[in-house]
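Letters are used for the chains, namely A, B and C, taken in the order the chains are written, and counting of residues starts over at 1 for each.
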Amino acid sequence: MDKTDIIASPNRLVWAGLLLLALAAPFLVGFDLYLIHVGITISFNVALATSLWMIWSLGVISFAHAGFMGIGAYASALVLTKLGLSMWYGLWIGAVISALFAMLIAVPLMRTRAVYFFMASWAVGEVIKRNFAYFKDFFGGWDGVFDIKPPVLDLGFLQIDFADRLAYYYLALFFVALTVWIIYRMNASRTGMIWWAIHENELLAQHTGINVFRQKVVCFTIACTLVGVTGALYAHYQTYISPKSFDIWKSEFALVHLIVGGLTTVGGPVAGAISLTMVDEALRATGYFRTIFFGVVLIASVLLLPGGLETIPARIRRLFNRKSKE
Amino acid sequence: MRKTSPPLLMNRRRLLTTGAVALAAPAILPRSVFSQTPKTIRIGGAVPLSGPVAYWGHSTAQGFGDGAAVINAAGGVMINGEPHMIEVIDYDTKGEVADSRAATLRLVEQDKVKYVYSQAAASTVGMLQVTEPAGVLSIVACWGYLDLFGKNYPLHFRAETSDYEQGFAYIPFMQEKYGKDALKTAAFIGPNDQDGTDCHASYKRLMDYYGITQKSAEFYNWEDTDFYPIVAKTIADPPDFIVTSPSPPGITASIIKAARELGYTGPISSPAASETTTILEVAGEHADGVVLPVTNVSPSTDTQKAVEKRFMERFGTFNALAGNYSWWIYSLKAAWEMAGTAEDTKAVAEALAQVQLEDTYVGRVKWGGEKSFGVARQGIYDCYTTTIDKGVAQVEDVRFPALPDDY
Amino acid sequence: MSDFLQMGLTGLSLGLMYALIAIGLTLIFGVMRIIQYAHGEMFMLGAFALYYWHAELGLPYWAGVAFSAGLIFCLGAVLQVVLFKPLQGKNILYSLAVSLGLVLIISGSGQLLFGTTTKGIPSAVSGGMLIGGAYLSYERIVISAVSIGLIIALWAFLRHSVTGFAIRAVAEDPQTAALQGIRTDRVHWIAFGIGSAMAAIAGCMMGTLLSIVPTMGFLATIKAFMIVIMGGLGSVIGALIGGLILGMIDSVVTTTISGDIAIILSFVVIFLILVFRPSGLFGQNWD
C-alpha cells in the first residue's frame, strides 16, 4: 500500500477547519431540525468507521463491529431501563462491558488470519445479535428495548436536557471528536507504528521482537471500547434498539465508508462516512435507486478513484504541478 | 428531416418560457391573484421502497398515489366549501427502524407533513417515535406491537385488519366448510422475530375463543431455506389445521409444499400470504386445501374492477395486497370533510374513527376496537377468503368479521 | 426410527444443495483469491433466467437450466474481465467492496426489472417415495443427483482436463504458472464463469424447490460463505463436507430443539472450527 506522501503530511489545519465547520453547522443550516438529525447520524457513522479503521491498521476488518456497538447500546439501555441509571453511567458501563467482551473474544479470534478473520468475526457478530434476540426476558428479544431516554446534564447553575436535538448534536460531536482524536493519537504513536508493522508483515514484526498477539488483542479491545461508547450514544438518541439495528449490514456499510474514503489515514473513514451518509440521505426519495446508486458509487470509487477520497488533495496537487511544468 | 426539428425546439423554448413566467409570476404579482389556486394537503409515506420488504411498501404507496390522482381529478377534498388538492411524498425506510425514524423526521420537519402512512412493523415503530409527539396523524399496516397502539396513541390508526380480526371471519368459514368437529386442534408456524411472536399471541387468543386446542407452535429463522425440519416437527403429532401467520407468500408456499409432501392433508390457513399465483406455482398440485383470508383474487364489484383497471394503467401491475390498501386515502378524505379541517389533526382523528365506507376494494370498512384498545383505531372490513382447490384459486367466502362483544 | 431417517435424509439433501451453491464460490476464491460477495446474486439471476425461460415462455425445463448456466457463465466472465481484473493482486478488501456494490446494484435492479412479488418455477418432476417410513420427493432426489453429478464433474474437470490443470496451476502459484506459459487471464475468466454457472444451476434447483424473489441472493451468499469458511476456502471437498455439516445442523437441531438454536449453533461451530483450524477443515493457509 502506497502511503508515502499521505501519512506524513500534517493536516492539522484541515482537521481544525472540519471541527469548526461541524461546530458551526447548526447555524449554517438555520437550525433546521432535520438536517441536525442528519448531522448526528453522520457523527455516529464517522465514529463507527474510524474505529473500524483502527482495527484495519492491523490488516484485518472486523464484521463483528456492529455487534460490539450493540453490546455498548444494550448495556447502556438496560442500565437505564432495569436499574434506572442515566446514560452518564450507562456510557461507561457499556464501554467496560464492550472492552471485557472484546478482550475475551479477541484471544481465540486473533488466531485466525486474513480472509478467515473476516468470517470468524462475522460469526461473532451474528452470535451477539442472535443472543440479544434469543434471551427474550433479559434483552427483550426481537421486540427490542423501548424508551431509552436521553440524559439530562445538571451542572447546578445550568440544566441541559439532551432530548433537545441541538444539545444532542453537540454531545455526539464531542464524543465523535474525542474518538477520532484518540484514534489519531494512537495511530501517530509508537503503538500505531507497531500495528502498521503487523499490517505490513506479521512474520517480520514478530521477528523484530513485537508481541504480535498481545498487540492485536490490545488494538481490537480499544477499538471495540470506542464503538461501545458510540453504541450507547446511538441507543439514547434513537430511544429504541433491537437486534436488527446491529446486523451485518451496519458493519458492511462502515466498511464501505472506509473503502470509499480511503484506507491509509484516519481522514479516509471520516471523509467516507460524511460524504456517503449525505449521499444516502439525498437518495431517500428515489426508491430502488437508493440501493442501486449506492452500489454504483461504491464500484466507481474503487475502480476510478483507487485509494479513495483521501487521495484527492494529493491528486489535485499533482495536477497543478504537472500544469506548472508545462 | 430538417423540418421536424425546429418545431421541437420551438416547443421546448416555449415550454421553458412558460415555465419561467409561471415561476416568476408569484414573485411579481400580488397574492390575491392566486387565491383561486386550491390549497394542498400533504401526505407523507415512510415506507420500505428498497430492500427485502419493498413489495409491501410499493403496494401501499401505489394506493396513495392512485387515490390522490383520482381525488384531485374529481376536484379535490372539499373542506368548508374550499377545494384542497392532495400531494403525496414518499421516502424510503429500507424496512429499518432507525431509517424509518429518519424518513419520518424529514417528512414532519422539512416537508411539514401532518399525515404519515407507513407499512410493516419496523417502519411503524420508527415512525411512531416521531409522529405521535409531533401531533401528526399516522395510518399504517402493522400487526402486533400492541403496546404501541390504543389510548396512548390517539393519532395512530392501524388500517390493515390484523390476523386477529380476520380470524373472526375465516375460522367460522372454515368451521362451516370442514365441520366444527373436524377442527379441534391447531398448530402454528411463524418466524422467530417479533412479528411471529405477536401473531402467535393473537392466534392463541383466537383459538381460545373458538375452543380449539393448540398442539404446537414452531418458529423458523428468516435465514431458513428449507422447511422440511420445522414442518416435520409440527406434524409429528398432526393437528387438524395449521396456521402460518405472518409468513410471506414464498415461505408459506414452501411450508405448504413440505407439509403435503410429508403426508399432512389438513387445511392450512395463511393470513398474510396474498399471492395466490406464487403458492400455485411453488406448491403445484400440493396447494389444495389452502385457505387465504383477506385475499381477493377476482375483483367482482364495479369499484373493485375499477381499482384493478386503474392500477394496471398507472403502475403496470396489480395485486390483491395493493387493492387492500387502496381505501386508506378515501377514509382520510371523508375524515377531512367531516371534521371541516385538515390542520387540526386531533379533530381529524376523531372524525376518522367515525368514518365508514360502504364500497371499497375490501367492501365495507369501519374502525373498531374501542373495548379492546380504548379507542376505535383498528380498521375492520369484509374478509374475502380465497381457497385453492384442484389447482384453482377462487374467492369462496365474503363476510364481515363477527367480532366478539367485548372487542 | 423413521424420525431419525427423515432428519438424516432431509439433512443430506439440504447439505448437497448448500454444497452446490458453495462450490462455485470456493473455486473463484481458490483461483483468484478474491471474495465474490455477489455470488448469491448469480444464484438469483440463474433462477430468474430459468423462470422466464420455463414459466413465462414455456420452453423445456432442462434446456432452461442449460441456458441459465450458459448465460450466467458469460455474465460471470464479463464481470471478471471488467470489474475484478483491475483488482488482481490488490488487497482482498477491494474485491469485497466491488462485489458488495454488485450486490446492491443487481438486487436493486432485479426488484425494478422482475418486480417484487414472489414467483415460483413449476417443477420438472413430481411425486415421491417412502423409504423406511421417511418421505423423499423425486424433486429432492433429482436435485441431490444434480449436485453430486456437478461436484464429480467439476472434480474430474479439475483433475483430468488441460484447462483444469491450468486452473489448478494458477490456484497453486499464479506467477510460476504464468512462467510455464499458462495464460492466467484466460484461466481467471473461465474459472469465474464456471463458478458463477454453478451458482446459477444451484439457483435453478433451489428456485424450483422453493420460491424466487430478487432479494434471495443475500441468503444464498450467507449460506455459501458459512460452508466455504467451514470447509476451507479453495477446497472442493471442503465445500461438500461443510455443506453436509450445515445441512445436518439445520435438519437435526431444528427438528429436535429449535430453529433459533440451530442458527446460533452453526455460527458457533464455524467460529470453533476457525479457532482450532484457522484455515478451515481442508483449506490451505492463505495470507
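Note that in this section a contact is a pair of C-beta atoms (placed from the backbone, for glycine too) under 8 Å apart; a residue touches a chain by one contact, two chains touch by 3 or more.
Please read these numbers as outputs of a predicted model, since none were measured by experiment.
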Q. From chain A, how many touching-chain steps at minimum until you land on chain C?
A. 1
Q: Sort out for me whether B-C or A-B is joined by the greater number of C-beta contact pairs.
A: B-C
Q. Which integer distance in Å separates the CA centroid of chain A from that of chain C?
A. 32
Q: Please work out the Cα centroid separation of chain B and chain C, and write it as a whole number of Å.
A: 36
Q) Which residues does chain B have that touch at least 2 chains other than itself? A) 50-51, 54, 58, 192
Q | Multi-partner residues of chain C (at least 2 other chains) | A | 108, 111, 260, 263
**Q.** Sequence positions of chain A contacting 2 or more other chains
**A.** 133, 288, 290-291
Q | chain A-touching residues of chain B, taken from the complex the two chains share | A | 49-51, 54, 58, 89-92, 94, 96-98, 101-103, 105-106, 109-110, 122, 125-126, 129, 145, 147, 192-194, 197
Q | Complex contact set, residues of chain B against chain C | A | 50-52, 54-55, 58, 192, 218-221, 223-226, 228-230, 232-233, 236, 248-251, 253-254, 261-263, 275, 277-285, 317, 319
Q) Along chain A, where are the residues that touch chain B in the complex? A) 32-34, 37-38, 41, 133, 141-144, 146, 238-240, 242, 244-245, 281, 284-288, 290-291
Q | chain A contact footprint on chain C (complex, rising order) | A | 29, 35, 83, 86-87, 91-94, 96-98, 100-109, 111-112, 225, 229, 233, 260-261, 263-264, 267-268, 270-271, 274-275, 278-280, 283, 285-287
Q.
For a test of understanding, state which residues of chain C touch chain B in their complex under the given definition.
A. 3, 6-7, 10, 14, 17, 55, 108, 111, 115-123, 126, 128, 135, 137, 206, 209-213, 215, 218-219, 222-223, 250-252, 254-256, 258-260, 262-263
